[in-house]
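The structures come next, written out as structure tokens.
One chain, chain A, links the two complexes that follow: it is found with chain B in the first and with chain C in the second.
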Partner chain A sequence: MSDIDIVVEICGSAGEGTISAGEILSRFMSEEGYDIMSFDSYPAEIRGFGKCVAHSRISRTRVLTPGKYSDVLIALNDSHSISQLPVLKEQGVLIYDNKPPKYHDEDKSIAGWLEPGMIPYGIPLNELAIKAAGNARGRNMVALGAFAALFGISQDAFIQSVKRRYGKKKQVVIDNNVDSFVEGFNWTRDNVRKIDFHLFDSSPSDVKRDQLIINGNEAVARGALAAGLHLYAGYPITPATKIMEILSKELPKKGGVFLQTEDEISSIGHVMGAGFAGKRAMTGTSGPGFCLMSEFTGLSVMAEVPAVIVNSQRGGPSTGLPTKHEQSDLNIALFGGSGDSPRVVIAPTSVDQCYQAAVLALYIAEKYQTLVILLIDFFLSNSIKNLDPPPPPDPRYLNANIAPGKDELKDYKRYQITENGISPRTIPGTPGGMFFSTGLEHDERGKPVYDTKTHTLMTEKRFRKHREILKEIPEPRITGWEGQGDIGVVSWGSSAGAAEEAVILACEKGLKVGSFSSMVLSPFPANALVRFCDRFKTILVPEMNYSGQFANMIAPIVTRPVMRLNMVTGLPMASEDILKKIKEIK
Partner chain B sequence: MPKNDHYVIIGNGPAGNLAADTLRDSDPDARITIVSNESMTYYYRHKLTEFIKGKAREEDLTVRPYSVYKDKNIRLRLGQQVDKIDPNKKIIYLKHMETVSYTKLIIATGASPRALPSVSNFSKCLNVLSTYSDALAQIPMINKNKTFLVLGGDIISFKFIRMLKDMGKEVTTLLYSEAFWPFSLEADMAQQVKKSLSDKGVTVISDDHIKSVKKSGEAFDIVTEKGLNQSFDSVYSFLGMIPNIRFILGSGIDTDRGILVDDHLKTNFDDVYAAGDCAQIYNPDMKSYWLSIGWNNAKIQGTLAAQNLLGAHKVINPAPQKILEVEGLKINTSWWESF
Partner chain C sequence: MITPGSQYLDEQINTVKENGFLRYRTGELPTWCPGCGYFGITDAILKACLELNLKNEEICAISGIGCAGRYPVFMNVYGFHTLHGRSIPVASGVKLAREDLTVFAVAGDGDALGIGGGHLPHIARKNIDITLFLFDNSIYGLTKGQSSATTLFGQATSSHPGGNPDTPLNPIKLALAYGASFVARGFAGDPEGLKHLAKEAITHKGFSFLHITTPCVTFDKFNFTWKNLKENHSYIDQSIHNVTDMESAMRIAEHERFKLGVFYKDSNRLSYHENLRNIASKKA
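Right, the complex of A and B next:
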């Protein structure tokens, strides 16, 4: 079996089929049993013009990051692709159109920028697409055909995959795509002498046809649906909009309610209303929208109304960098709001964790009658991963409301002080279960009260919930060196994959390095972190923000020196950067 | 010169590189671009046989690594073929469909293997060895095959034959008298060459011509006019070199066998010069043109073309080296006069 592990980038202009070509390739490779991770980037303006890159890592072993550098660059648009050449590895392969319909201006042709160590394959993409389908729209499929021929991919298997992908389209669409692919494949097979060394298995033994190939947004949406989401209210914003798109179609099919509201304040208002009415509800947004929602976050905590907000972080502050990656909303997720406002923050580290995190978020919000922030980011939202279909959630996650018993309803106290902080909750309309609900501090029946004792007791009660939540959150993931070592890498969110990969590479080089990440950041499993950190001399915290928000959060817990790796490149964290830092510290 | 001058040099051999160095030394701010159809940077072509034998590594071939071009701020366009030139608009059209504008141009494209009319019917069956890419592609085949037929007579063929013998191959050579290049051998000298080859275990055939070459499985069946009928694993052709000027034809730049230049190496266009093996240089004393060959000549001409392009008025010396060595024979020749 081939131990291939390569990164393929397809670069083109919006509307050239760049992203769909990447998706077709990733889907096929997944079906052939490879582990894949894809990450697409596209212009902020979304449609029209601008550079798109479909970036896919394909490997026989488990993929934790999309990879910083590429092994293959397929250039569908020369001028855009030139800027991807710096990330093409030594001996990297370039597939480009050597017979475009007209001359490029000086320096606008990618073939003009070839350097020693690059392996170029000029393919007449445009000509072959026209030959196959009468127009140039199929250039992306011609390029995939060339790729398949060069790298030992079965033509028949790929065609079957394309047919499955376009199964519901008109026959002419299927035919044009297949014909373009075949044209590219045959031309390359007959005319190109392969001089690179990449080859896939011609007959893979681990074919998987039933895997999901989804991004983090879709995983969140699927998780929420599986967890019994009833209402989603949202306002479109990159990079969270896809959640909304999916739920707008899928939620009504399950008898749920989907609302596109006039703004983010209205969205969270609807979610609060649904939560108050006893329904599982969620909204999704990004940093700028989350800022608008922050007044309501306090109400969720104070009135103890379940609410889930998905915040897919992007570059900030303000409207910032809509299509760039960053992890800089941790502070606002943890602390954004007035008063002592304990909130649950769940930050999944991978696409499959996005599914689990959505289930967990709706469960915790309902059971603990509080605000849960599901903190993902641009990379996770857009990162495409193949994974086995997750099993349905444990039934205990589906109906978690702790309702009052008959005796309790005789003298119902909606905000009863309890040992675990959870008060029995009635759904409006429950006979005997009426109560006041307000954003003001209140007594056990919900009536506004401002005295010192009540505020102290109620604050303590709200914080006690976190002590209980801590008992049910997933164990932190700890990998790498198991004994006393040199460097412990503590990471969060989507940077955890890069951290884990860097630790694997460091251990292979004989370094004593370990990795720690927790999906839940608030409440935080501090004891587990302390135990982990006690094993290492130095702690390294890599994160994609400038100020070291997570490092600031854990520094008071940790008794070891905390080194930081902070980047605001707009790109996902790369294992290479963490490994470099590890070596510097060592 | 204004700072936005763009000097373009086509060809990355000795003439092209010396021209670029001269331009850079004189004009630190100018844009300088070298266009090369080779995938490798400036290298010693005469070491290719050592490379094939495995006695020289890629770095041993390299005259100038890519980093040097970057250091000198010379844009080296590798693997790019010129399709045509419009000297009126001062635009070069590259085969991969890109245009490059220039203010001054030096053409230093060298020469490439010649296909004689007598072998044109079966030229597809003939291998040539001229570039690093050729060598790279042919190494597996040369290593694998045992019997070789070399149609030859040019100076490179003798070197190639020696390489094959060093590798333990069975070699037959068919000497084409019209292919002796870059000179015609006198009869007694030709006899000495044949003897030298025979002494090395090479089967030498002369005064004969190929009638047909047919592919038969992995091998090639050869029939000559005098009745030889034999099969070989590979057939190579070394029938001399011709200047690389195909892309010039029709551009308006005057050509004959090579690019016609005056004794300042300037073409009929003021901003276009030619140097090295591709140039056919006017000799005012003889009132005729001569073709140049050789590494050192190319270097001299590349330097001089750049100097003149920058405003000098230097005249090329039409008396380059006359001593060539063929199979151990030192031959004093004035070959360019009768070429």
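Right, the complex of A and C next:
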């Protein structure tokens, strides 16, 4: 087995099959046993000819980030692809159309823009596509054929994969795609001399891995479904809309209800109603919609009604950058809303964790009768990962409501003050269990009262739940140098993958560096963090926001100097940037 | 803190409770002002529940903020006092999650027509099977007498001492225009008539809009008073008006602003749940 680890970018205009070519390649590589991570980008505006980039990292070892630089650029469109050259590595490979349908001036042809050291392979993509299928639509498949021939990928195995993907389509569609691929493959094999060093060891094997190839939004939706989601209310907003679209299809099949509401206030209102009625419910949004939900977040905490909100962060403030990545909603997730309102914030660090996080969120919300914010981001929502189908959740995560016993119902106190903060809760329909919930401060029976003692006891009770939750959240993930070292990298959300990768690279260079990340940010495992930080001289917090929201949160907890790496590039965090910062500090 | 007076009243309530008449009431004493129209409304709704033989535990009363928002506190049902203007989405969420429950959304004029006015068209067009009781006293009572969306033009209020510069909304016209499948108006001063309307609203399959006029005895001494409302209110002559006739309903709503009774009713329209089921079965 080769230890290949390469980044392939396919760049073209919208409608040229750019994204689908990327998907075909990722699917094939996943089936062949490679680990993949893809992050496509396309314009925010819905109009033709916009620039599309299908970006995939393919590796024999576990992929933690999509990679900042590319090894191979497949240019389906010269003018768009020229702007991708800056991320092509010094000895990167370019596959381009050397006989494009329209004649290019020299400065418009990508070949004229290559740096010395880059390796161009000119393939007559357009001509070969027409030859194979009678029209140029199959250029993307010709390009994949050329890629396969150059990098030692088995033609047969690839064709089988394409046939599986297009299985339900018309035979002529399958044939055209396969013929175009074969045309590109054979021409390249016969006419091009390979001068780069990348090689896959693709040998057709009978055992094909059948993995899920999904993005974070789909992982959240699947996790929620597995956890018994009954109602999803949503309002369209990038980058969370896909969660809504998936659940609109899947929830009714399971007897659940999906509805599209008039605004985000109504969405969270419906979630609270369903939660009050004893069903698991969730909504999903991004920053602007999350702001609208703020008042309800306080009600969930005060009235102790379960609610789960997914906030897929994008660039802000205000409408901000709808199709760009940022991690700048941590403050509003932790502190948004009025009063002392303890809320649970779960920020998965990878697509795999998005699934587990959704299960955990619905479980905690129901058991602890409170608000859970599932904080993901543009990158997680859109990055595609291959993973083994997750096992069904532990049954204890499925029915978590703590109902009062028969004796307790005789003199039922809905908001009974208890040691763990959880008061037994009846579900509407239970005879003799009627109660009254309110956003006003209330006594144990739910009656509005405003005296000093009640407010103090009830506030303490609501905060005590967090002490309990802390006991059952997943352990923080700690990797890298295990002894006393120099730099401890503490990260959160999707930046944790880059941090972990940077730490691996730093350790390979002999640096004593460790990595810490926790999926649950509130309640926060402060003790574990302190133990981790005590092993290092300096703490580094990389995050995709300007003000260092997470660094500000942990700085008072740790006793070491906290250095920051803050970026607002609109792109996912790259391990290269963290590594550079580590070296600077060192 | 229990005063001797409240203890006496508690005992009285317990005696009445034993007669079964007040089985929908909790022991809590309403915090409304003496003479408030909300007592009449509460009385009408709980009699309607009693006559429909609804079980307490199968009723969810969801309210917003304001004097009307306190309604569920005094009812022995599953009650949820939510946010200002948001009783409609929360009630809708309860119903969508649990079709078996009878769900009331309770809102004041501030709730349903002011801050939460944006929810009304959508619950109406979705036709989700809940009943909206709109307690309309044409004033913000709990914040001490500011103008609301139904305060008369020129009326002096604490936010507009020189006279309200805004034109009031016409709630019945709005509900008709939004496509509510049941639209009616009742009056707090006629609990018996209101009870009949409430029964019809609760049993109607789909979204029911029941506008209830009531005075605010504390903050409006001149306009929507008991005396004025009683003098002006009268029931629609049902021998002339056909409740399935939208044009006739609109005409009455526009020209006879104090008419009571059922304005419009579409019993054939499918509820949201029914539509969802039909769509699902078409797919299958």
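Basically, the second predicted complex is superposed on the first by the 576 of 586 C-alpha atoms of A that agree within 3 Å, B and C clash if a C-alpha of one lies under 4 Å from a C-alpha of the other, contacts with A are read in each partner's own complex, and residues count from 1 in each chain.
Here is the rule we go by: contacts are C-beta pairs under 8 Å (C-beta built on N, C-alpha and C of every residue); 3 or more make two chains touch, one makes a residue touch a chain.
Just so it is clear, the model here is predicted, and its values are computed rather than measured.
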Fit or clash between chain C and chain B when superposed on chain A: fit
Chain A-centred angle between chain C and chain B, computed on Cα centres after superposition, in steps of 10 °: 140
First (chain B), second (chain C), both or neither touched by A:Leu114: first
Contacts of A:Gly15 with chain B and chain C, given as first, second, both or neither: neither
Chain B versus chain C as contact partner of A:Pro392, first or second or both or neither: neither
Partner chain in contact with A:Pro317 - chain B first, chain C second, else both or neither: neither
Which of chain B and chain C A:Pro431 touches, first, second, both or neither: second
Dominant toucher of chain A (residue count), chain B or chain C: C
Partner chain in contact with A:Gly339 - chain B first, chain C second, else both or neither: neither
Three-chain overlay, closest Cα atoms of chain B and chain C, distance in Å: 50
Set intersection of chain A contacts, chain C complex versus chain B complex: none
Touch list for chain C against partner chain A, complex: 26, 28, 55-58, 60, 62, 72-73, 76-83, 86, 88-98, 100-101, 118-119, 121-122, 126, 272, 276, 279-280
Sites on chain B touched by chain A in the complex: 39-41, 66, 77-80, 93-101, 136-137
Partner chain C, residues of chain A touching it in the complex: 230-231, 233, 252, 257, 259, 261-263, 265-267, 269-279, 281, 295-296, 299, 303, 305, 428-440, 447-448
Complex contacts: residues of chain A adjacent to chain B: 96, 98-100, 102-109, 111-112, 114-116, 120, 122, 193, 195
